[in-house]
Each structure stands twice: as structure tokens, then as C-alpha cells.
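Below is one structure; the comments refer to it alone.
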Amino acid sequence: MLSIRNLDVEFHSDQSRVHAVKGISYELSEGQTLGIVGESGSGKSVSSLSILKLLPSTARVSGEVFWKGTDLIKETEAAMRLVRGAQIGYIFQNPLSALNPVFTVANQMVETICLHSDATKEEALEEAIELLDKVKIENPRKRIHDYPHQFSLGMCQRIMIAMTLSMKPDLLIADEPTASLDVTTQKEILELMDSLKEEYQMSMILISHDLGVVAERCDEVAVMYLGEIVEMGTPKDIFGSPKEAYTKILIDAIPKIRF
Amino acid sequence: MLHVLYKRFLVVVPMLLGVTLISFFIMKAAPGDPVSMYMDPSVSLEDMQQIRENLGFDLPVYKQYVLWLKELCLGNLGYSYVTGKPVFQAIVERLPATLLLSISSLVVILLITFPLGLICGYKKDTLVDDSITVFSFLGLSIPSFWLGLMFILLFSLTLDLFPTSGFMDPLLYDASIFQKAMNIGYHMFLPLLTIVVGGIAGLTRYNRFGVIKILAQDYIVAARARGISEFRLLFKHALKNIMLPIITILGLDLPSLIGGSYIIEYIFSWPGMGQLGVQAVFQRDYPILMATILFSSFLIIIGNMIADICYAYVDPRISRGKERV
Amino acid sequence: MVRQKICVVFWCICLGILLSCTQSTDKQTLVMRLGAEPSMLNPILSTDAPSSSVNGYIFNGLLKVNEKMELVPDLAEKYTVSEDGRRLVFYLKKNVKWHDGVPFTASDVVFTFDKILDSNTNTVRRSDYIINGEPIGFEAVGDYEIRITLPSPFAPLLNRLTMGIIPKHIFNSEDINISEFNRKPIGTGPFVFQRWETSQFVLLTQNLDFFDKKPTIETVLLKIIPDNNTALVSFEKEEIYSSGIPGKEFPRISESSLFQTFQYYDLAYTYLGFNLKNPLFSMPDIRQAIAMAINKKSIVDGILRGYGTPAHLPTSPEMWTYPKRSFSYDFDPEGAKSLLKEAGFVMNSRTGIFEKNGDPFQFKIITNKGNKDREKAAEIIQGNLKDIGIDVSLQLMEWSSFIAIVNSDQDPKDYDAVILGWSLGLDPDGYSIWHSSQYPKGFNFIGYQNETVDRFLELGRVTMDRDKRQGIYQTIYDEIAKDVPYVFLYYPESLVGINHRVKGLSEAGPTGLFNPIENIYIEE
Amino acid sequence: MTGKVWFSFIYLGGLTVLALLVPFFNFDPTQIDESLIGRPQAPSFAHWFGTDELGRDILLRSIYGSRISLMVGFVSVGISICIGVIVGVLSGFIGGRVDFLVMRVLDTLMALPTLFLILIIQVMLEPSIFNVMVVIGVTSWMGVARLVRAEVLSMKERVFVTACRARGIVERKILFKHIVPHTLNPIIVAAMLGMGGAILIESVLSFLGLGVQPPHASWGNMLENSLGYLRDAPWMALIPGVLITLTVLSLNFLGDGLWLLLDPKARERDVIHT
């Protein structure tokens, strides 16, 4: 379904030039979950943002991103708009900053729903409330009219998930969706995502710096280091017999409770 | 909300008091008084002295201030020393012209700077952005009174397109309101243009920074990731956020906008409060001067308050009772 | 949206231009300029020129000055002066009505002068009617007769009886200083006040009940245009019918068939005055040297463009006391230098400045801000004096601050020299400027003291005969010219342009071209 | 960006060098040419910028005028920064009631229409260039004080200050060693922009005749002189105006450039206020 070949991203500015992603390739088939792990700055987010062409104008992207048979790199901005959200959803690391602070949740959700369907505003609102209910926001009918800053971080992430799901994407890219949350909330959100993935039958790219998170729920894992995929395979392979030194370090970094 | 307003009003009173105190004493420290305007070989100094006594200039300065303040509390701003006109009337006569000029220049500036700022911010570091920036800086650096003169030289004297000065053609005193409005607009063009050229730079720049900053925010990328169009992004998602800093800046810029328009009024003989005030400085017409300063300060303070209120209105994060620092 | 707005603004501008082009004026409307906002339209309170010129249309005095600068009866039918000059009787016209229809009587006249003499009135005219501390008596006999009693004869009084008379029935119950009738005056004059828009215009219309010959002009529109350049532009666009013309524009305007131009001497002169109490200027030789060092001709030619004359006397060529012969110092820088050397000054060849006992000859000239000609003259004088070795600095001061220094009570006063101008009244009396009693309080702020001048000034005030007075003032002028308390700089000429459609003008002179206003009409 | 900064450097540098060197030559900017009084001459080979109404060379007067403008810029901004920094640092650092009071006084001063304030003070004092500098300095420090206070306040909240306290460093040392130096960057930028502002105010004052006294030249009074000659001798108005504009423009460019240079995070911050 998604096939990336030789994806290369460079950032140009007046003084410097940063080679963020150095020719990576991977494939993802329908219903599968791909995990991408690596430390901060290894190019995980950049590579996945470039799938949707969401990088700032200073970025130079080359390579091929085939999505359902078309190369997204060559697509126009207008065509991309139809892909974004409706076909590929994206969940961000910090849910609070990903919600526009000056509009109510209802406003933003209705806008999104109306954009991708023919629903009227009233219908869209009902749908949004339903979705909020689904992501376990209490009293959604009332709370939907609140502003983002009135919700906790975990709640915001639930809202983001609800909003992304409202567009029924075929692929969900979750960019460290739990990194800014505390441990118990992390667990809840991940479980929520698991169940929703089942329900909506989406493919997923799960980005994380935490191998533990990825190992449990991915069909395949890619390890990125300094803009390159240094190792790729099933979690079993990676954990069982890591070939690269860097992967070993990552595995060692998973906290193990010793008594 | 009301609570905030109430609290702010409490601060306004001592501030205005401070303003009057400072200006009154500085003013009284200036040599000369309104009576010296009468100097003429046919005028005797005894007469001038008598008028001074009639007007109460022989009293100690603090007593004069207390007297003035007492009258003010009774709602009496006094009478002009030069024309004997009630000060309130003199100010009210001038207020419409000043407000007309400052408000319309503000509106025009906003109308121009918003799209300019959006373009600059959206197309940042391109040729368009660079040239708009250079031009707006140029506007900021040109002395406004000189620009006014150059406009008079070009548009009035050389091209003969606009009147050099004034407010309305006297012959239109009984014309229809529409005709009057047209004529006033026609007279207002050059002063307005002068103020606008000087005022564009700052706001465009703030707008530009605002746009750049906002466009880099996660929620813009997130909205884009949901397939929302660029137009909608700019004019819905970014716009409201950009307005926040702009409102603050407007509030802070108000003094310079009002103060700046005074020198323009002087150049174009625009019958506003600035002209009245500058004249009053030179004629030592204390009651008029005090009232002009009081009114201007009041306008500035109110302007800042309105900015704060708008801010609270636009930004949901500022909730009731919490004041912005 | 934005484009629409731009369009709207554009069309508004176009419409505005159209409208301003199509406006037309009634043919008997006289459009004049006021150089500033009038202060009060009340002749006993205001002293500023714009107010006076508006008041001139609205109010009448007992007497008026005609175009030949003679005093003739106005509200008075006739008047008599007693032999000793101490009793005057005025018989008033009987058909005079105020603009509100109330008949004018002697009580109005008495009220006017009582108000002036009342110390609660903020007027600077009070001392005009006080002689040696005693007020002049005004008394009504019946409705149409006024008796005036003077403590001693006083020649300048007749001129002061041109003061506009104000209505008693209006001001009786008002605080005259702040009365609203100072802004909507009621007079007896040929024109009735209609409206006054702040800093825009004053509008007057013909008085249909006027007691004298009715004017042809139906409406007088006085536009308030403070800026001279703007006024000139308006004049050339025929938006106002009269304007002062700067010297450099005068030849151009004169050649145009659209305009009539006039030039005449003002009753004014400009001078450099020394603080005579300053030891530096105590010697007449020094003052004379300075007088000789100043190139008055280049000031007149350069700054006034030749429209004026170098001055030598404290009067004006238009004044009837202006002498045929006069005493003067001509431009002579070498002579000035040798005078300074005789006075004990030595040239320091390094600095190029004269010194005495090691102190360089330097002083500061102050002048008021706002009169461009005067400011330029000051700069030229500074240059002239530097050329002969005197170091002069200039300070332009804002009027009130300037007056505060010059009029301070202290002796000696805190200045070296001033450049200033006097505009003179119609009477040649110069008592307040030259008499030694007017120092330190008074307009003799330079501290001039000359017994002969004092004596003749006093004599001039009590002498009624014009020929005798001429002789008296001749003596005074000679004394002053010899003493050089001032360096008289120039007599400026008034350059006036009038639109060609305005007819019936009188001969050019200080009383104005529009005197009497009754003769003026606008040609189609 | 760099182009603008280079332009400013070269222009201001050139102007400063000219201004500093011109007194060493035997030129007299007040020399009147009596034959040309009242007849300003257009720019020519003999007089590159033409002559004014008293036949004086405008080029020479412009250079002498630049001495005044640059000096006014330096001195008045120096004064305003001294006052502003002291008030801002103390107010921000002491905090509490003192801060509240100081801020209210600042608000009050800022609510005064500056032009009137300057006009009245200037009328009160004898007009001279020295007074102009003092008056501009004394009336324009409020912005700097606010800026510095805000900076100090935000510094106070930073962890490193708490860390200093935890190490037992006395308050005074924290203030002068750790907090004040951090406020330097915004001050330098504010100074650049402030100099431009001061030059503009000086020109307004001289224009109203309350600044530099004749026959000495300043750009403001050269402009004022040009008033009666707008039509016949537009260069009299054009040249000083262009010079003021270029100078202020350069200072603004320089301030802007320095801001980006000194504060790498500047692009992210939305407001610097002059």
C-alpha cells in the first residue's frame, strides 16, 4: 500500500545544510503496523512528515513515496489535500500544541468532518460528539464546546485521535503519540489506539523512541540512526538477534525491573 | 470581565491625576504667561498686571493647581485665557477632526498591513518579502512632517490634485451632508496618506513575525495534515492568532499614533486637538493645554484598555478574573 | 473585498476632486483671508489682528479713520473740543440700531468705556483711558450726547475713540470675559455676524438696517488660513480675493492680468536694540560702530527683495511726522573698525575678534521665533559683525519666553541685544517706547534715557496742533538717531494682491484698500 | 538581510567619518554669500547640493548638521538607556509593591502625549542643542525600562538563577553577574532604534524652532528654512529630508540586523518593542 524508496531530505538555510534523512526505503502493506524507533533527531518524524509533504519550504525532498500506486512526491498541493487526513491521518507528539488554541474543539472537529464529507454542521457536530464518546471523553456533549487549554494533555490526545478517526483514514501515522504523557495515560492511549485500529482496520506507522512500546504491537520494526534505517525486521528478529550495535544499545535502554 | 474593568478603572484615576500634576507643574515652570501675548507698544504693563491678577496668576502654583482640580471635580474645565471660550466646548469642537483622522488612519493602516504582513510572513525571505520590508522600513524612517511637506509640494503645488491644508471648503457650509463628507475626505487624503505611510512599517513587521511564528506552530501543521486548504489555514487558523499580538501592539502604538498625528495636524492645518494643543503651548493658554493633555492621556489609556479587553475577547486562554501581565 | 474598498476610496477621491472644481461663488461675496483664528469678536477685549479685522466689519466707534488717515465721525454726528482740550462733546447719530433691532444710545457708549475702565475686565486698553493715574470721565446727557472730561489735555485720545462700541443690553448681565457673545457678536456695523466655524471661516452678511451708506457686498466670507504659502496658493486659484505676497513672488503676480497688486509702507519698523544698561553698550561710539557694520541694504535687497527701505528713525515713511531730512549712519565696515579701535579694542589676529583687556568682544542677540524676515536679518547681522571682528551668537526664542526676559522687572535685564519690530499706531506718540519712566517696567526695556526726548515726548502728548507736533517729533527723532539706542534696520513694505474682480478699492495705504467697505463691489 | 546591514554600516560609517573630520578643514558653514541672499541656487558643480536662502553651501551645512544629529542620537539615547536600565533592573529585581508602583508611574508617563511633554519642557528651557538632548533622553526612557524589567523578570524565573541561590550566591552578585548581562542584547537593539527615534524628534524640534540655534545648521532647521522656498528651491527641503531618512533607515536596519544576530531565537519571538 505504501512504498518508500530512497527518500532523502535535506534542510537548507543561509548558513548551513542538514542532511536529515539519507535515502531510506521501506514498504507497508494493508492492515500492517510498522514501528519506527530511534533517538531524537534520527529522522523519524522528518521522514514521516515528508510522506504527507508537510515539511517547511526549506526542506529538499527527493526519492519516491508510492501511495496506492501514485508518487506523492510528484503530486500537486491540491491533490495532496485529498490525501491528507482522508487517506493518511497523522497524530502529533504534543496534542495541546496540535490543537488551535483559539477555536473550540467543536469548531475544529466540525471543520474537519465537513471538509471530508457532505455532512451539515449539525450532523458533523453529532458525529464529533459520538467520536469523543468513543475515545472516552466524559460528558462530550458539553465539553465539545470547550477550548483545548481546558483539557488535560491525555484528553487532548484523545481528541486528536477522535479528530483523525473522523476522516476514516486508511493509514494512521502516530508520531510519538504518548511521548508527552505520563505513564498511566500512555498506557490508556496506546490501548485505545489498539482497539480503534482493530475497529477501523487501518494500517499504522507508529513512531517512538521506546522499543518496548513498539515491540508489543508492530508487525515490523525499523531502527533509524542519523537519518538512516540501520536495521529492519520483525520485533522478534530485532529483539532476538540485533545485528547493529546501535540496536543493542536501544534494547539495553529499555528499563527492566530487577528485584 | 466586569471585575477586570472595575480594577482597571481604579488605576486610571490616579494615573490621570499624575498626568495633570506633572503637566501642570512643568507648564507653570515655563517662562511667560498668556498675558504676554498682548505685548504691543500701545499696551501698558499695568493693564497686563491687572489681567494677571484677574486670572489668578499671582497665587502660588500649588494653589492654582488645587483650584484647577477643584473646578475639574465640579465638571468645569475652565475658560480659555485667549478666547474666553469654555474649554470643554473648545475641545469638543476639535475632537471630531482628531478622531476622524486618527481612526481612519488606523483603519487604513490595518487594512493595508494585514494582507502585507500575511504575504511577507507566508512568502518569507523571498523577493516580495524583502522589498515590502525595505519599503515599510523606509516609511518608518521618513520624518512624517517632512513627508507631509513633500506631499504638499508634489500633490498640491506641482500636480494641483489636492488642497494643501484645511478641513472643509467654507463655501460648503450649507451643502448636503454627503457633499460635506466628500469634501472632508478630499481634504483628509494627504494627512491620512502621510500618517499611513509612517504607520505601515511597524505593524507590517509585527504581522510578518506573527505569521511566521504562527505558521510554524504544530496546530497549523496538524491542520494541514487534516487536509485543510492553505487559504483556510491563513485566513481562519492563522488570522485569529495573529490578531492577538497585533491588538497589544495597537494598544502600545496608540500614544505614538495620537502624538504623531499632532504634528501632522500642524502641517496640514487640520483643525484637531493637536493644532489646538500646540497653539496653546505657545500662547500659554493653560486651561486649554491642560484639557488637551488630559483628553489625549485619557484617549491613550482608554485605547490601551480597549486593547486589553479585545485581547481577552479574542484569546480564550485569558479567563475571567485573570489579568494579563 | 479589499479591491472593492480600494475602488470605493478611488471614486470618493475622484468625486471630491469634481466637487471642488464645480463650486461657484455668489458674485457679491467678498472672500478674504484671516491669518489666524480670531480670539474674541469683542473690540474691547481682543488685540489680535484677525479679531480686529472681523470686528471692523461688525462694530463702529465714535470716530473712524478714513482712507486719507484722517479721523472722521462714525457713530457720532459731530463733535466739539473745548479750547483747553479738556472737554469733548459728541453728538450721536439717531438712526442707529444694533443688529438685534435695539436702538443704539449714549448709554452704550458710556457702558463700553466703563467696562474698559473696570478692573475686572481682562482688557489691555484700560490705560488708554487713564491719564496720570486719573481715568477719563464719560457721561451721557440724554440719549444722544456724550461728554468726555479729561484731567489734562491728551492728544492721542481722539485716535483712541475709534474703539468699537459694544451693546449694553447684551453684556449688562454677562461676565464679559467669558460671555458667549464674544463668539456671536452684535454690533452696529455694515455687516451682521452669521457664523463662525472654528479654524475654518467666519461668515458675515450685509446689514439691511445700516445707518450709513449700505455696502454693495452682500456676503463677507473670511477664511482662516494660517499658512502664508497656502494663502498664496488659494489666492492664485482665486479662492480668496486678497493676499499678502512674498517679495519673491511679487513680480510674477504683478504681471498676471488676474490680479491687481499694491505696495505701500506699513506703520512698522524693525530694529536691533541694545541693552543700554550692559557696560558693553554704554558708549554711543560702540553702538554707532555696530550700526555702521550692518549692511542694511543687503538685508532689504536680499530678504525683502527690495520691497522696503533701510530705516534710520523710529517711525514710518507713511507717518505724517516722517521728516524730509534725517540723520543716518551708512554702511562703512572700515569706519566701524576704526571706531572700535578708538574705543580701546584691539584685534586679535589669531581669532579675528576684537578684544579689550583680553576679553573678546562678544554678545548674544535674542529675537522671537516666527518672523522669517527677522530671523534671516539676524543671521545676516551676525555675519556682518563677524566680518568686522565681533563675535555674535543668536538665539531664537518662542514669544512668551522672549517677552518674559525683555519684560522682567529686574534691572539690568538679562539680555545683550534684541531684534524686534514695532508696529505703530496712527498717532506718532512714542511715549511708552522711549520715555525713561517706562524702564524697567515698560516697553523702554533697553533702558533709554534722554532728558530732551523725555521732555518732548510729554510735550507731544499735550499738543493738539499737527504742525507743532511735527516739529516736536522731528526733534525727538534727531536725538534718538544721534544716540543710536537702536540700530534701525528697515521699513518693510506691504505687498498686497487683490483679485481683478474686486473693484472700488481706495488708494493703497496703512488703513487698507477696503476702506471704506461701502465702495467695494465684485465685477462679474 | 546582510545587504541592508552592509549598506547601513557603510552609510553610517561614512557619515560619522565626515562629521568627525570636517572641523579640521577650514570650512565655514555659516559663510553668507551676500550676492545670493534670497536667491537659492540649484545644485551645480560649485555647490553640489546647491545653496540656501542666504547663499550658504548646503553640502557643507548638511555635513555640519550630521554632527548635530549623530550627537543627539548618541547622547540622548545614552541618557535614556541609563535611566531605563536602572529603573527597569531595580523594579524587576525588587518586585512586589515597588515594582507595582514603578510600573504605574511608567504607565502614567507613557500616557502623557510625548510631543507636548517635550514641547513644554523645551519651551521652559532655553533652546539649545544640549537641552534638546537632555529633554529627549529624559522623556524616552520608559520603553527601555519596560523592556529591561520584562527581561529581568523572565531571568528571575529561570532555573539558573535559582541554582545560583541554591549555591548561596548573594542577591547583588546574582543581579549584576547573571541577570544584567543577559539584558544587554535587547538594550543594544533598543539603542539602535532609539537613536533613530531621537534623530527624528530632534528634527521635529528644530523644525518648530526649538532646537539648534541659527546660524548653526541642523537638518531640522534646514528643513524649516526651506518652507518658504518649497516651490522655487525644492532641493532645500529635499536634501535634509533624504539625509534624515537615510540615517534613521540605516539605524533601523542595523537594529533589526543586530537583533537577529544577537538573539538567534528572535525569529520565534513575536514582539520587540521600541
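For reference, chains read A, B, C and D in written order, and residue numbers begin at 1 within each chain.
In the analysis below, a residue touches a chain if its C-beta (ideal position, glycine included) is under 8 Å from a C-beta of that chain, and two chains touch if they have at least 3 such contacts.
In this text the structure is predicted, and so the values were computed from the model without any measurement.
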Distance-maximising chain from chain A - centres being C-alpha averages: C
More contacts between chains, A-B or B-C: B-C
Centroid spacing, where centroids are CA-atom means, of chain B and chain C in whole angstrom: 38
CA centroid of chain A to CA centroid of chain B, Å: 50
Whole-Å gap between the CA centroids of chain C and chain D: 42
For chain B, residues contacting two or more additional chains: 30-31, 157, 216, 282
Junction residues of chain C - those touching two or more other chains: 229, 398, 400-401
All touching chain pairs, where touch follows the definition stated at the start: A-B, B-C, B-D, C-D
Footprint of chain D on chain B - complex, ascending: 11, 14-16, 18-19, 22-23, 26-27, 29-31, 134, 137-138, 140-143, 145-147, 149-150, 152-153, 157, 206, 209-210, 212-213, 216, 245, 248-249, 252, 255-256, 258-260, 262-263, 274, 277-278, 281-282, 289, 292-293, 296-297, 300-301
Of chain D, residues touching chain B in the complex: 4, 104-105, 107-117, 119-121, 123-124, 196, 200, 203-204, 207, 223, 227, 230-231, 234, 237-238, 240-241, 244-249, 252-253, 256, 267-271, 273
Parts of chain B lying in touch with chain A, wherever the complex brings them together: 216-219, 221-230, 232, 236-237, 240-241, 244, 314-317
Interfacial residue positions of chain B with respect to chain C in the complex: 30-33, 36-48, 50-51, 54-55, 79, 82-86, 90, 93-94, 111, 115, 156-157, 161, 163-173, 179, 182-183, 185-186, 189, 269, 271, 275, 282-284
For the chain D and chain C complex, residues of the former touching the latter: 30-32, 34, 37-39, 53-54, 123, 126-127, 209-210, 213-215, 227-228, 230-232
